[in-house]
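Below: one structure in structure tokens.
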Amino acid sequence: MIRNQLLVCAGGACITSGEKSVKDVLVDELKKNGIEDEVQVIETGCMGACDLGPIVVVYPEGTFYQKVTAENAGLIVNEHLVKGRTVDGLLYTEPTSERKAQTSGDIPFYTRQVKRVLRNCGVIDPLSIEEYIARDGYFALGKALEMTPDDIIQVLVDSGLRGRGGAGFPTGRKWKATREAKGSPKYVVCNGDEGDPGAFMDRSVLEGDPHSIVEAMAIAGYAIGAEQGYMYVRAEYPLAIERFEYAIGKAREYGFLGRNILGAGFNFDIEIRIGAGAFVCGEETALLRSIEGKRGTPSVKPPFPAQSGLWNKPTLINNVETYANIPQIITNGAEWFRSVGTLKNPGTKVFALVGKVQNTGLVEVPMGTTLRELVFDIGGGIPGGKKFKAAQTGGPSGGVITADYLDMPIDFDSVKEIGTIMGSGGLVVLDEDNCMVDIAKFYLGFTVDESCGKCTPCREGTRQMYQMMERICDGKGRDGDIERLNKLANMIEDTSLCGLGQSAPNPVLSTIRFYEDEYRAHIYEKKCPSHVCKHLLTYSVTPDKCVGCTACARQCPVHAITGEVKKIHVIDQSKCTKCGSCYEICRFSAIRKE
Amino acid sequence: MKSLEELKRIKEQTLKEMDLRQAKERGKVIVAMGTCGIAAGAKDALMAIIEELEKADIHDVKVVQSGCMGLCDKEPTVEVAMKDQPAVIYGDVNDANARRIVREHVQGGNVVADLVIKRENI
Amino acid sequence: MKMNLEDRLKENPELKKQFDVLDAYIGELGTPEGSLINVLHRAQEIFGYLPDEVLEFVSSRLNVPRSTVYGVVTFYHFFSRVPKGRHTVTVCLGTACYVRGGNAVYEKVMRTLGIKAGETTRDGRFSLDLVRCVGACGLAPVVVIDKDTYGRSTPEKVAMLLNKYA
């Protein structure tokens, strides 16, 4: 007889924080106390609050233990489960009220979210198809198979669901086009490449609720008339691959994949294709080439994949988060889906809240939520009392949302108006210590590396822009650089072959638009206002703080620091390589960076 | 898997196994698991209650543990707090008494008078 | 003179076993169509990297031109044409890691090991790689050593970690 269940978050971040050893300690301690038959330990997918990991939730109470370590995990067994005493030291303390939260329902990070896409993540055992079924899993497939394909597509059109991969194209229209396209066989593809650095919602869904994607792809197969699906996952996500593969096997065993599914005469199966580390493969035409086992180079659209995709056959391609919405829309209807979000952007959006924010993690909120709610109410603001500067969205294809727009409702259309894109939902928070020129250079460097080389504007143009950015950050910026950057950026946007090139200049354009003064400071004053760009910095010793401990002199790799014991040290500027070692090692804050 | 009927059966079956994780609104039974409680047999009471609830197919009542309630000579003690009713604390809850409390109080709605050691708001 | 593969396999049962595993994997593929990348993944798992003879084998076994195989291998970052060290240190420089100081971590690892990304230490102990996001952004900056992921890393912490890997 089971009296308690321990849910241990086994999302990527919690594993990184030591979830495995926590789980082992829990299992061991249960055995030591002879209660291993009464208390069940279940590993779930990501619970979202990555910063609080590893997380252990004790049911039936729902007690939420955070930052559990191998050293203190035993307390949960010996105190909570044996003696019935809550382990206060492992509860989350709400920073403003300093109240201890008993359950996740007492933590603002959770209470302000609306979980649809992530409804099962952290709640069920991702390896258990039965638990997925218990949460109404595969009922949508059952319902869909009793509908006509046209009716299914109509529900999607009515729901107003837009593709969650970046551009926000209406999903129903895509399905309709693929259904109506001539050619056979047709294919269903799931884009699980999630290349946008800083975003990991797709990974979490695949790891925490893989069956929802299996079910959605099967529904898609029935709706567009396909019998074969491909799941394309990036190689950097081994756990997602493993869990999804397991889910496919279970689905076959239970007859949700294979021949004559649920006795409806419909056949469908899914194969996994693993990426191999090429960002451009997130672009749909490049991804299709990669599934074919070729170099992932994009091709000109039209023809769109709906007309000519995998092996030149009509192909439906959606990303993970888009698919994760489908079963619930089929079960609950279009009206239900539209009950949250905005008129043109119904439903929810999952954001990966990362960077300079207190509560990092995955959050799901209605479309139209403001940046302020995301960063301050849910995210708990900026750590260390620093000032919010901007949020970067859309990764290397996107731009920034500045403090002036904190109260703007975020959706596909509103962010476009201020020069960025929603992208897949990566939201990187930047504070006053981040240099916008440096961030733009970072993204550009990313695109230069990842450009597939097929078209010239992207291959050569982004490289030219990068060299200019590098010059600016190195203190060799020249008058007219801003204008040159703008001109080249516009040209690349207009003439590149695929989305990667067309959007590559966005980070530069967006930061020039809002932070031209920072660019000017770099170019004309040879200063980096945020003290980031190495070559524009000077390190010096503050004489009244230096105690002459010699730590810096010993640390300096180029021997640029001289001085005797207990005497003030001096940095020779002609030798200094600005590596910052002295700044890091000094315990007396005597090294000044400016 | 050939039908929706079969799917429903799996759902019902698994929901029972996931029962501990569901929100339970009708009330809760709190077993005091302090050192003295455990010494007096609180663990047996706890398991008996869970078993009896399962037998009676009751899924809207939560069974939780607490530390010592401070009534050491009456241990094991169990508190039954049903929604909209005053909470009742029972003493000397051995296996058999635990089962009675579930059957008579939780299921039947009648306080087990001979085991009561404290009632709220009377 | 370079011996042909068949003769070398006769002399080297260890190598033969590796090729047999790869051969069996290809044999089990339901649809060989489009499976080149999956096969290369498996091959790299078996051999640790993708030397010429493996590419030749894959080419003839899948009936795909050698030029195509070579083209695919060099297109994707994940495939390596040179042997890797006993341990692979992967520093994440995705955005979240970058803004939280991933670069300083990377520079520290470079200084400590004396190699750049894509290189292997002379003693064959470590290879160093850069990656654009491993999806553990909540704990940035992140470093992956072999299969272990370390979050909230600092230059000092990582330098200490390296000592754990012999």
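Lettered A, B and C in written order, each chain numbered from 1.
To be clear about the criterion, contacts are C-beta pairs under 8 Å (C-beta built on N, C-alpha and C of every residue); 3 or more make two chains touch, one makes a residue touch a chain.
Since this is a predicted model, take the numbers as computed values, not measurements.
S.K.: When all chain pairs are ranked by how many C-beta pairs they have in contact, which pair ranks first?
M.R.: Top of the contact-pair ranking: A-C.
S.K.: Could you pull out the chain whose C-alpha mean position is farthest off from that of chain A?
M.R.: B
S.K.: I'd like the Å distance between the centres of chain A and chain C, where a centre is the mean of that chain's Cα atoms.
M.R.: It comes to 24 Å between the two C-alpha centres.
S.K.: Could you give the separation in Å between the centres of chain B and chain C, each centre being the mean of its C-alpha atoms?
M.R.: The answer is 55 Å.
S.K.: How many angstrom lie between the centres of chain A and chain B, each centre taken as the mean Cα position?
M.R.: 43
S.K.: Any idea which chain B residues touch chain A in the complex?
M.R.: 1-4, 7, 10-11, 13-15, 17-18, 20-21, 24, 31-35, 37-38, 46-47, 50-51, 54, 62-67
S.K.: For the complex, give me every residue of chain A touching chain B.
M.R.: By the definition above, chain A touches chain B via 1-5, 7, 38, 59-61, 80-85, 123-124, 128, 130-131, 133-134, 136, 138-139, 142, 254-256, 262-263.
S.K.: Which residues, counting only chain C, touch chain A once they are in their complex?
M.R.: Listed in rising order, the residues of chain C that touch chain A are 30-31, 33-38, 40-41, 64, 68, 71-72, 75-79, 93-96, 98-100, 104, 107, 111, 131-140, 142, 149-151, 155.
S.K.: Flag every residue of chain A that touches chain C in the complex, lowest number first.
M.R.: 12-13, 15-17, 50-51, 53, 194-200, 203, 235-237, 271, 273-279, 290-296, 311, 352, 354-356, 360-362, 392, 395, 426, 428, 430, 434, 439, 442-443, 446, 449-450, 452, 557, 579-580, 584
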